[in-house]
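Next come two complexes, and both contain chain A; in the first it sits with chain B, in the second with chain C.
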Partner chain A sequence: MSRTATSVTKVTVLEKIRQAVIDRPAQIAAAKKQGQKVVGWLNYFVPEELLLALDVIPVRVGVGGDEQLVDIGGRYISTKNCVFVRAAVGLLGEKKDPYTPLLDLLAVDASCLQVFRLAEVVKYYFKYETLILGVPRSFTAPEGQAYFRHELQDFTAALEKFSGRKLEQAKLKAAIELLAKIRESLQYLYQYQSQDYANLNWRDVFEIVHAGFYLDRAEYLKLLQELIAELKELPEDKSKIPGTEPRVFISGSQLSPGDVKLINIIEDLGGKIVGDDLWTGLASYLDIQIAAPTVDALADGYLARVPHAALPYLNISTDSRIKKLKELLGRFRAQAVIDHTLRYCDPYTFKAGETKDILNNEGFPFLEIHTEYASSDIEAIRTRVEAFLELVRTRNDVAGGI
Partner chain B sequence: MSDTEVKISGNVVAGVDVGSLAAKSVVIVDGKVAGYGLIPSGFNSEETGKSVLQHALNSAGIPREAVKYIVATGYGRISADYANKTVTEISCHARGANFLYPSVRTIIDIGGQDCKAIRLDSSGNVVDFAMNDKCAAGTGRFLEVMSNVFKVKLEDLGDLALSADSLVPMSSTCTVFVESETISLIARGEKPANIQAGIHHAIANRISGLFSRVGIESDVFFSGGVAKNKGMRKSIQEVLKVNIVEPTFDPQLTGALGAAAIAWKNAVREGVCQEQQPALQK
Partner chain C sequence: MVTATKVFTYPETIKADFLKTGGLKFGDGTEVSAEEIWRFMTEEGPRRFPHAFDASANSIGKLSDDVTFFSGIKRAYLTLTMKDRLYKAHDNGVPIVMIQGGQTLDPYYAAGGIPLRPGYIMQWARDVEEGLNLREIDNRGLEILESGRRKVSIEACNQLAAHAAVANNIVPVDLIAPYLCLRCSDMSFLVETHRHKEDQRPKYLVDFPINQTGKPWTVDYLAEQLRGLVKEVAKLSKKEVTDEVLRAEIKRQNKARKLAQEIIELWWSAEQPPLNSTDFFSIPFLANDFVGDPQATIQVLEETKKEVEYRVQNKIKGTGVVDNAKRVFVCGSCVGPNSTSVERAGAVLVGRDDNFSCNSVLVKEEGDPYRNLAEAILAFPYEQPTEQRAEWVAEMVKKSRADGVLFMYNWGCNYQTAVGRLISDIVKDKTGKPSTFVEVGELGRSEATEQSENRVEAFIEMI
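This part shows the complex of A and B:
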C-alpha cells in the first residue's frame, strides 16, 4: 500500500486505517490457527458477499510497480501478458509478501483471459488450489445472464465444499448489507475528496480503497464510518487555493497497490487528481444493486454493473462504461482525462481510441499513457503529462496558462 | 537609440532548447528574433544550455546581463537553473511554428530521440499531440546510425535518398534490425540511395500511425533537426499525402523559438518587458 499520501495529514482515522493494514497479516494468521480459511481473489466479478457469508476471509490479490516480480512472473507466463498479471504470478510464486503465504484458495473470475491464464499457471507451477468463475462475453443477452447464474451456483457449491459450510440466507443478507454500506462510504469519500478545501485528497482515498483489499470487512466499515464522522467535524483545509491546479481524472484499466509511477508524475507536475474509474479504484464499487439475498440475485447484480472493458461490448452509443465515465467527470468536476493502460492490457488499450473521440467531442482533453512498471520510460511519460497539463492550463486558463 | 543600445537597454528574452543530440537557443529583442545558437548537446545539460545561450547572445551582440526572461525546453529543461520557467518541447514547437507561420495547424517534429505529432489552434496553443514509443526508431539517432552504415555525413542522407531510382522496402524501423538489414542489402548489391529511400518511407509510415491518433489538418509544418533532411520531407509528403510548408527559418530552431516566444509573453505579462507593436515579428 502506498505510504506517500500528499495531503497534510491531520485526519487521525486515516492513520488508524494505515495501522490496521500493518496489523492485518498477523490477525489473519491468528484466525487461520482458529480454523478460518483464507481466499485470495482476483479481478472484477468474484462476489465478496459469498465469501463473507461462508465465513472465509477474502483477500484481494495483486500488487503493482514491482519490476522484479514481473521478471519472476515472466519465467512462468508469456511476456505478452500485461505486467500486472506477470507481477501477480511472481507474487504468488515468491510468497514473500505478507498475504500470499496465508492463502488456502485462489478464486479467479474469467472476465480477463490473461487473469484466467494466471490461475492455470499458478496452479500448475506453484500448486495453488484454484477456483474459476466463468464470465459470459455476451453479458447483456438473456443467455449470458443465465450462464452467469449457473456459473455462480457452481462457484458457490465449490466454495461450500471448500469451507465446509452451507450458505445461509441470513448470513448472505448480512454480507450484502455490509458490503453495500462499504460501497456507499467509499463513494462518499470519493465525492468528498473532489471538493475544494477537503482534508483528504484522491491519493488518500485510493489508499483507503486498497486498505479494503485486506482488512476485515466489518472492521473496515467501522473505520470508514469513523473517518466520515471525523471529516464532517474537521474544519475545511484552506491551505490550497482552488482553481490553481488542472483537475485530472484517471481512466483505464488499473493501478494496483504500489503502482505509483503515474500518480507521482501527475502530482509532481502540479496536476490534481479528482477521480478515477479504475477497477482497482472506484469502478468496483459502483452501481451494484442486489435485489435479494440469493445467489441468482448476486449474479444479476454483478453482471448488470459497469462492465469490465475485457468484455466486448461494442455498441459505443449505449456503452454504459462510457456513460458512467461521462457522469463521473461531471460529478468530480474534472477538466481532463488521463487514460492509463498497462502494456499488453489490450482490451483497455483498444477502447482508448473510441473513448478519446467521444470525450474530445464532449470537450475533455484526453491523454493516453501506455506503460509498464519499469522506470525506463519515466522521463518520456513526464514529458507527455507535462505537455498535457500545459494544454489543460492554457485551455482552462488555470493560473494564467503557460 | 542605436540598435546596440536597444539590445542592451532591455526587452531581451531567450529560449533555450537542450535536446538529446543538439542544443538550440533563440534570442528575441522587442519581439523580433535577434540571434540564435546551435551546438551539439554535451553530457552536462545545465552547462550545454548556458553555452548555447551564450552562442545566441554572441550572434546578436547582446551581453548576458541584458536578458530579462529565459524559458528552457527539451530534455535538458529539468536541469536549467538559469531559466525563469520551463515548458515542454511540445508546447514550444507549437508556439514556434505559430510564430513563423500562423496558418499551421499540424506539426511533425522529429528530433534526436523521439517524434511527435502536434495539433494546434490559431493562437499556437496545443490542441492534441501524440509521441512515439520509448524506443528511438525513426528518429535523428536512428538516421545517425544509418549515416555511419553508409559512410556519409548525416546532412547528406537526404540528398542520397533523393538520388534513388527505386525504393527498397524495409521490414522494420527498429534501429538495430534496420542496421543489420541494411548491411545484408548492401552485401546483396542494393544501391545505398534506394535503401535510404526505403528507410525514409518506413519512418514516414511509422509517423503516419501517430496521425491516426491526433488527425491531420493543413497547413502542415515539419520541425526538428530531421526536417532538414529533404529526402525525409519528400517521403512524408508522399506517405501522408500532405503539402509541407517550406521553411524560411531553420526548422531545428523551432522549439527554441517557441520557448523565446513564451518567454516574451511571460516577460510582458509580468511587466519585465514592455510590449512593442507589432507584438512579435520574424
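This part shows the complex of A and C:
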C-alpha cells in the first residue's frame, strides 16, 4: 500500500482498487470451490491470455522486501541466488500469504534461469505442480522464434490437460482484447502520473500495476477504466509546484510488491519518480502486438516485445531494450536515472555499467543502487540518493529549472 | 616471509623407460620425439614456467607425483606447450574461439578453429609472461580477474577473468562463441559484456534449450544453431565444411569420448586406484578439451588406457594414494578440490559429474551430423532437469563406490548452487552417502586456500 499521501484531491477509484485487492483471496477461494483452478506464474513470458482463455485464474507470484522469506528460501536454494528468487522460494514454502495456498499449478518461463531453478526447487521440496515454458536466448533468430512457437504449443497442451478445457479461438480472442485494453489503460496511467498537476503519482500507479497481479482481469479493467474516467473529470492538482522536484526514472530489474526501500528513500528526499522500465512495472505492458487469436501469434507477439535482460543481445547499437529506455526517458521527461539491481541478479547488474555510459552520453545523470532486502544498507543508500538528487537539483538550477 | 621453493623434478632413473614410449604427432603434421619431450619437461619447461614445477601442496595445478605414469608426463607436456601451439596456429590463420566448459568441440575443430574454455584462456593469459613463480602467476591471474570485476561486477563467477583476458587483448581470441545455458547462467551475460567498449571481434551464441526432455523441436533448434556456429568459425578459417567433414570430426572425437569412458570404467574396476586423483581427473578433461590438439591428445589417451590396463592387471596403485583411501565423488560447477590436499587427508577423487557428463554420450556417426550433435548434447546427463541429473549422479556414486559426495561451486555461481542442496538430498536419499558443500572463491589460486581445504579435509575425516 502507498506510504505517502497521493494528492490533495482524493481519487475514489484508487480506494476501490485497494479494497478489491483485500477482497481478492476470498473471491479466489470461492471460485476454487466452484471448480476453477488457480495458476501462479513467475518471470516475463507466460502469456496470461492463455490462462484466461482456459478459464483458470492467473496470479503473478512474488513479493519483495521481506528478509525473513529470503532466509527461509536460502535454506533450499542458495545464498548466491538473488533475493527475489530466495524470497519467492520462502514464500512458496511458507504458504503464509493469502495466495500461495490457493495455487494449483506454478507456471514459470525460463527467461531468468534462476527462476527456472526456483521452480525445480519448490517442485521437489514443497510438492508444487510446475510447468516450464522454454524461452530462446537466440530470440531474434528464425530458429529461436520457431522454437518458442513449439514451446508455447506444448505449454498450451499441458495447460489444456491441467484445466480440462480445450483452447477456443473465440475465448482466446476475447482474452487478447481484454489484456490489450489493460495494457493500454496502464500506459495511459503511466503517462498521466508523469504530468505536472496529476492527481496520481508514480507510486500509486505502481501499486495499481501490482493490484493487477491478483485481481480478476475483467474486473481489473473495469476499475482501470473507471479510474481513468474519474481522473479525466478531476480538476488538476494545482497544489503542486512543477520544477521543484528532480524527475527520477527507475530503471533495472524489478521492484516486487513490498519492496519499497528505495522508493521510500527517493520520495523522502524529495525526488519525484516519473517512470520505470521494471519488469514488475511498465516493461511487462509494453509493445505486445498479437496479430491473431492463435498460439503462434501469441508466441510471436511475446517474443518481439521489449526483451528481458536475461536474454542476451550482442549488438549494443540496436538493442531494443536500451532504445526503449531512451524513449521512455523522453516520454516521461525524466531528468535522472536511478538503476536498481538486486544482489546476484546478474543479467541486470552486469549491464549497469554500459547503461550508465550510454545514458551519461545522452546527458542523464545515472546512479546505480545495488541492494537486497535487508535494511542494513538503508543509510548508505540514503546518502548516495541524497547526493545524487542534490546533483540533479544543482544541474536543474544551472539550466534554469525544468 | 619468503620461503625457498620446493622444485618438482623428474628423476633421471625413469628417462630410459620414458624414451621408449615414443613421441607425439600433432594435427598440423609436426611431431615431437620422446627425447624432446623429456628435454622440455626437465630443462625448458622449468625455466619458462617455474610455477608449474613448484612442488608445494597448495598448487592446485601441481604436476602429478606419479612419475612412472608416462602418459601423465606427456599430458603435462601438452598442457605446458599449449601456448606455443596456439600462437603458432593463430599466426597461421587458425581462429581461436572462446567457448564454455563442458560442451562438445566437434563443430569448432571441423570448421578449422581451436576452441578454448575459460580455464585454458586463463592459463594462456597467465603464461604470456614467462619465468613467473607460483606467487607471481597467482598475482597475474588476480590482476586480470580484478580488471574484469571493475568493468562488470564483483558478483560474476571467476570465469570473468577469462573474459577480461580477452577484452584486454592479453590473448588473441578471434571469436567468442560458446554454448549457453549449459551448466552456467553467467556465460550469456559475460559474452554480452564484450559488446561495449571493446574491439568488435565477432560473437555468436549457441543456445542450449533447457527442460528439453521429450521435445523433438529442441533438436531442430539446436541443430540450426550449430549450423550457424560452423558458418561463423568457417568464415574466419576460410575452410569449406561439408557434412562429411563434420562427420569425420565426430568420429575422431567419439574416439576420445570412448577412451575416456573405458579408462574411467577400468579405474573404477580396480581394487586399488591405479592413478592418483590428479591423473585420473585429467582424463575426462583431455577427452573433452584436447588442449588445442585433438590428434595428440587422443594419442595420449590411448597410451593412458594401456598404462591403466597394465596397472590394474598388476595391482599397481597410483603414487600418492594411501591404502584404503576414502573415495570422494565431486559434484557441482567448474571447480574441484585440490587433489594433493585430498590425498594428504587420506582420500582419493573417484568421479566428477561435470566432466564425466560430456564424455558419457557418444554422437551418432551416420546421418545429419548437426542433428546428431544436437541430440547428443541434449542428452548430457548433467544438463537434464535437476531431479533426473541427481538420479544419474546417484548411479555414478554407486558405480564409483564413493564414500561421500562433495558439492563444490564457484563464488558467484547462481545456476549450480541453486540446486546444490537438491542434488545432494536426492543423492543422499538414493545412496545413503553423506555430502557437503564448499564454496570456492580462489579458483586457480594457490594462496589463501586454507578455508576451503579445511572444509574438504574435515569432510574426509568425517567419512
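The rule is short, and it goes like this: the second predicted complex is superposed on the first by the 388 of 402 C-alpha atoms of A that agree within 3 Å, B and C clash if a C-alpha of one lies under 4 Å from a C-alpha of the other, contacts with A are read in each partner's own complex, and residues count from 1 in each chain.
Just so it is clear, contacts are C-beta pairs under 8 Å (C-beta built on N, C-alpha and C of every residue); 3 or more make two chains touch, one makes a residue touch a chain.
Keep in mind the model is a prediction, meaning the values are calculated, not measured.
Novice: Can A:T383 be said to touch chain B (first), chain C (second), both, or neither?
Specialist: It touches chain B, and chain C stays clear.
Novice: Just chain B (first), just chain C (second), both, or neither: which does A:Y197 touch?
Specialist: neither
Novice: For A:R395, using the defined touch cut-off, is the partner it touches chain B, chain C, both, or neither? Pick first, second, both or neither.
Specialist: Only chain B is touched by A:R395; chain C is not.
Novice: Looking at chain A, does chain B or chain C touch a larger number of its residues?
Specialist: Comparing touch counts on chain A for chain B and chain C gives C.
Novice: Of the partners chain B and chain C, which touch A:T349 in the superposed model: first, second, both, neither?
Specialist: In the superposition, A:T349 touches chain C alone.
Novice: Return the residues of chain A at which the contacts from chain B and from chain C coincide.
Specialist: In the superposed arrangement, which is not itself an observed complex, chain A uses residues 353 for both chain B and chain C.
Novice: Using the touch definition from the top, list the residues of chain A that touch chain B in their complex.
Specialist: 353, 356, 360, 365, 368, 370, 376-377, 379-380, 383-384, 386-387, 390-391, 394-395, 400, 402
Novice: Using the touch rule from the top, collect the residues of chain A that touch chain C in their complex.
Specialist: 75-82, 85, 110, 113-114, 116-118, 120-121, 123-125, 132, 134, 136-138, 141, 143-144, 146-147, 150-151, 154, 310, 312-316, 343-344, 346-347, 349-354, 357
Novice: Mind pulling up the chain C residues that touch chain A in the complex?
Specialist: Contact set of chain C toward chain A: 151-153, 155-156, 180-181, 185-186, 188-193, 195-197, 203, 205, 207, 209-212, 215, 217-218, 220-221, 224-225, 228, 385-387, 409, 411-415, 417-422, 425-426, 439.
Novice: Hey, which residues of chain B end up touching chain A in the complex?
Specialist: Going by the criterion above, the answer is residues 75, 78, 87-91, 114, 125-131, 133-134, 213, 262, 269.
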